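Both complexes shown next keep chain A, but they swap its partner, so chain B is in the first and chain C is in the second.
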Partner chain A sequence: MEQVYLHFPILQVLIPLLLAPICVLVGRSTFSWLITFFGSVSSLVIAISLLHSVSDGSSISYHIGGWPPPIGIEYVVDSANAFLLVLVSGISTVVLLYARDQIKLEIDEENHTLFYTCYLLCLTGLLGVLITGDVFNVFVFLEISSLSTYVLVAQGAKRDKRALKAAFNYLIMGTVGATFFVIGVGFIYMATGTLNMFDIYERINDLESSRTVRASYAFIVIGMGLKLAMFPMHLWMPGAYTYAPTVVTTFLSATATKVSLYVLIRFTFSVFHFDFNFIEQVFKFLVMPLAIIAMFAMSFVAIFQKDIKRMLAYSSIAQIGYMLLGVSLLSSEGLTATFVNLFNHGITKATLFMSLGVLTLYSGKSFLSDVQGLGKKMPWISASFLIGGLSLVGIPGTAGFISKWLLVQATIEAGVPILALLIILSSLLAIVYIWKVIEHLYFMEPHSELASQKVSFRILIPLWILSISCLYWGFDTSLTVGTSDIAANNLFNNVIKLN
Partner chain B sequence: MIFEHNFIMGHLNYWLFIMLMMTGLFIVISRGNLIKKIVGLNIFQTSVFMFYISIGKVAGGTAPIFPMDMNINPSILYSNPLPHVLILTAIVVGIATTALGLALIVRIREAYGTIEDEEISLIEADEQKLETQSQLA
Partner chain C sequence: MQHHLILKIVTKSIVGIILLFGLYVQFHGDYSPGGGFQAGVIFAAAFILYGIVMGLDKVQEVLPFWVVQKLAALGVLVYALTGVFSLFMGFNYLDYSAFSPHHPEHGQHWGILVVELGVGITVTGVIVCIYYCFASRTPHLDDGEW
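And now, the complex of A and B:
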């Protein structure tokens, strides 16, 4: 057993990767769901045990094939990525619990096994991006997850053909982003001659004025900005989230953009030095203003959406603004707030999209008038949407409050209280659009043709796991804030304490 | 200094890389035909492959192949093979992206009957109008 434990970092990625082709070979819907679920649960177990072993702030280094870094590829687990590994595999497991019934309605039977295969590959890619300590490896895993994501988004074509065009747009923008990222990696390699993150960190020390290093950072910021839907580069996102099958939207909204943001953070703090003058300027003059514009403009756009899925997609872009704002303070507190926000927003958005998916399970459309009056017909599901909505706004007692509170605190400690005011003001906009949905749910008469709809327990259980965790992490912050604090401190001081 | 012959010829690979990259990116942005977009994307990616391969070259270096008897003469200068290996992976990713893009175009053509961006937008706008009408009704 001791031996297996030592190989957990590679098994984290390997299990879903190897299960994916098995899914294709099996070729049956139920069986491949079981395999996918097994893969996801084992990832979750591994992720939790990894988080447990690095919870004291230490980190694990795994040498692939026994080749020590910097020659070989290294996998590094520290509290920052272990925390996100738990989020990604946890969300994936919960989403899968509910995926079966939803997928039966949204995707043709013959595509089910391929759907689960792509889902596993997407999970593999996301976990790989998080765990790897090699900059080129990040690109490979990023593309594994992105390519399978494009396929998953296109699966929405059975309900709405616009999913195809959305997937195509996503493909073009995602590939441009990834290629920019590779150019950046190429420039780092030119400047330092190594691909290992921590080796680069040491060698890049006296290269602050090197134009190659600056260009490489610029390419990486733009590339990742495209992938994480940083404000002016978000155009793929509303379409992809609106037309993708609800299962896919739920999974992606909680994981994909978060992982890209993690890459940006990791590169800023563990590959480059965040105290480089040009990096400070990038965040001060580019990322921070864009984040603030995103917070307001995108929340404002969300208010006028008729389609709730699209509304939530715009709200995601606004929330990414909060996360980027936390990073752009370039302080340990800001980073902590961002990590907590990554986790809490992941859960919150997953709750919202999942409950919306169940509310519109049979109609298949997610316009405001489609959920009219469902508050009385489907009280449990509407209640979980309500919880998610409150958490998104940041009402005390929910997970969303904790992340907003930490962010406000971080801005005050950074000496820019005006930002705290802006955060609160933009949260008011979130109240407006969430209220519009709540109003339709609870204060309008239902359409008469809607018969009362039975929803099985298989759907209710995962939904309520998410809703309760939205509330739970609003009270018990020892895991979220504690881990984020250690993670942020490690990144900030670049402490790599190997076991 | 920038117009010196040595500077221009010494950075030839970068000039070519920048030219190809801009060509590709321009096609992706400016063309409305979806297949042309994919072609532009390919040119864009190829420019990056060229960039990587050219930075592996060491001036005066030979092909990085050790002799059969592994009797290595330390005075021989070898080119750097690592960027080439990296780019093999990137080429595979590029092919997968192209294949997926083309497959999506086939599906788009089946669903919309066209592969021109503008026409697709018109069809989508019509659909949106119908949707809002049914919402009002």
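And now, the complex of A and C:
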């Protein structure tokens, strides 16, 4: 115990996992919130210290139960997952700061404890997926996070019964995705006889022509595609994001799909070899076209949405298109762009959903007409929505600009400048739908019956932390771009340096 | 007038044996077939049988819903704290050698017993909880409606 930091990789996952049953055993709303917050903050602290210790491109390995890999389960921290660990635990902490008041309005008192328990379990699952170096362990943690996510989405039922249908829809699609994924893992195990990612990487070398390996990759791509809402498999997402409680939407939009995308990247680069012929073809002929369709079609659909939450959900699917486009270039620059995009889009979407949640705190309705004229009544909150919107579009000076810029650069370096043009064109569509909200916020007369609503500081502080970080990461890119660069290089060249 | 007299008598006499068998499977799981999951299911089966035959109210007098909920959480806690104990002894998480540093084989043995106990408690809790959730959705049947 004298060297606690040696155990940080396990504590990262363990603390929220340990606090979840304590939450149930004690069962008081305020207490549950306190320990959930405590768990989230300590995860954040651990994640930051892990990121700090791997920022030179090295990696940390932790052997669960003292069994060395490939026999035992290994946790591996490198700059790629440490970066996302910080994102997930950071977003979770900020969301929790604001969750307390919102949850009181949106969920019945007797369900609060179980809500926070599920939240903790979801956090555990997401962190676990990121940190583990064992392919079956990825599945286990993915299920922990998904199952608790379904419950969290269903909690929206107090305000709108359609949340139940959305949650069920998500349950079916998510379970199909998880099943496909585990079939893929089974095939890898069949072909290589091991479950440790880095052991598989070595053994799979001469198995490129093996049909089992190809089938397993196909299953994994489809499984993860469902989880991350890759374009034609996105149908669960608008419903789930629209009807879930705002707190849940904010948290999920910034983390869950990002983590699934990370899994896809990790499998492509650290489990399989990305220069396998069939993987190149999957990305060239399947993922890239789908990503481009998503960028346009989903942005276009978003323009015609009346419900702002649904609009933002469609915009998320379009944004996932940009991230997949970055990966499908199969270049180090493309990966860097995707990692930066993961982080920046996480913050941006969280800002948008959170400010929308505060704007519609009491009514709970998020139609365009419900926010009409709120720009004058709630100037601070509307301003933060504006910042989030600008960042989503990619206006210079915001975080969104950096990620779009890197992506454009990556496409040009990959020798396909037409993609750069498409990225810019689809960004114009984002301007249209964001403008629709801005127009309703600032240029329309408010409903007369709408009384001025009091919003406490406990809500404003996390909201402004997010909005300012949207601006901050638009200027200071040393953390985001620097870390992503190291992460992408490590993944691309598959360098796992153990200290 | 008593319905299902035979069922009730048989259930009463068999429930204890099922519970005992559950404990047997639990604590011999380390060197014979069985373990926490199987034991938990068997243990829960005893309560479910009692509930089906005697009615939900009767079984919830013995094992109320809130207890089941806490049991499910308690098992996870037992499992996780076993690992934390290893951490405090200076070993890696869930390294059972911590239970007996001088005889790692014994430590591994004991560690598995404790962890399986946690699994057993959680599985009992969850299985009974699922039964309660489904059973409490239908209106109670009167004896005459059988």
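Keep this in mind: the second predicted complex is superposed on the first by the 497 of 499 C-alpha atoms of A that agree within 3 Å, B and C clash if a C-alpha of one lies under 4 Å from a C-alpha of the other, contacts with A are read in each partner's own complex, and residues count from 1 in each chain.
The rule is short, and it goes like this: a residue touches a chain if its C-beta (ideal position, glycine included) is under 8 Å from a C-beta of that chain, and two chains touch if they have at least 3 such contacts.
These figures come from a predicted structure and were not determined experimentally.
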{"item": "Residue contacts on chain A - larger count, chain B or chain C", "value": "B"}
{"item": "Touched partner set for A:P21, first chain B, second chain C, both or neither", "value": "second"}
{"item": "First, second, both or neither for A:L428, with chain B first and chain C second", "value": "neither"}
{"item": "Which superposed partner A:A154 touches (first chain B, second chain C, both, neither)", "value": "first"}
{"item": "First (chain B), second (chain C), both or neither touched by A:I468", "value": "neither"}
{"item": "First (chain B), second (chain C), both or neither touched by A:V182", "value": "first"}
{"item": "First (chain B), second (chain C), both or neither touched by A:M190", "value": "first"}
{"item": "Residue numbers on chain B that touch chain A, as the complex places them", "value": "21, 25, 28, 34, 37, 41, 44-45, 48, 51-52, 55, 82-83, 86, 89-90, 93, 96-97, 100-101, 104-105, 107-108, 111-112, 120, 124, 127, 131-132, 135"}
{"item": "Residue numbers on chain C that touch chain A, as the complex places them", "value": "69-70, 72-74, 76-77, 80-81, 83-84, 87-97"}
{"item": "Chain B contact footprint on chain A (complex, rising order)", "value": "136, 139-140, 143, 147, 150-151, 154, 157, 161-162, 164-165, 167-168, 171-172, 175-176, 178-179, 182-183, 186, 189-190, 195, 306, 367, 369"}
{"item": "Complex interface listing, chain A residues touching chain C", "value": "1-2, 7, 10, 14, 17-18, 20-25, 62-66, 117"}
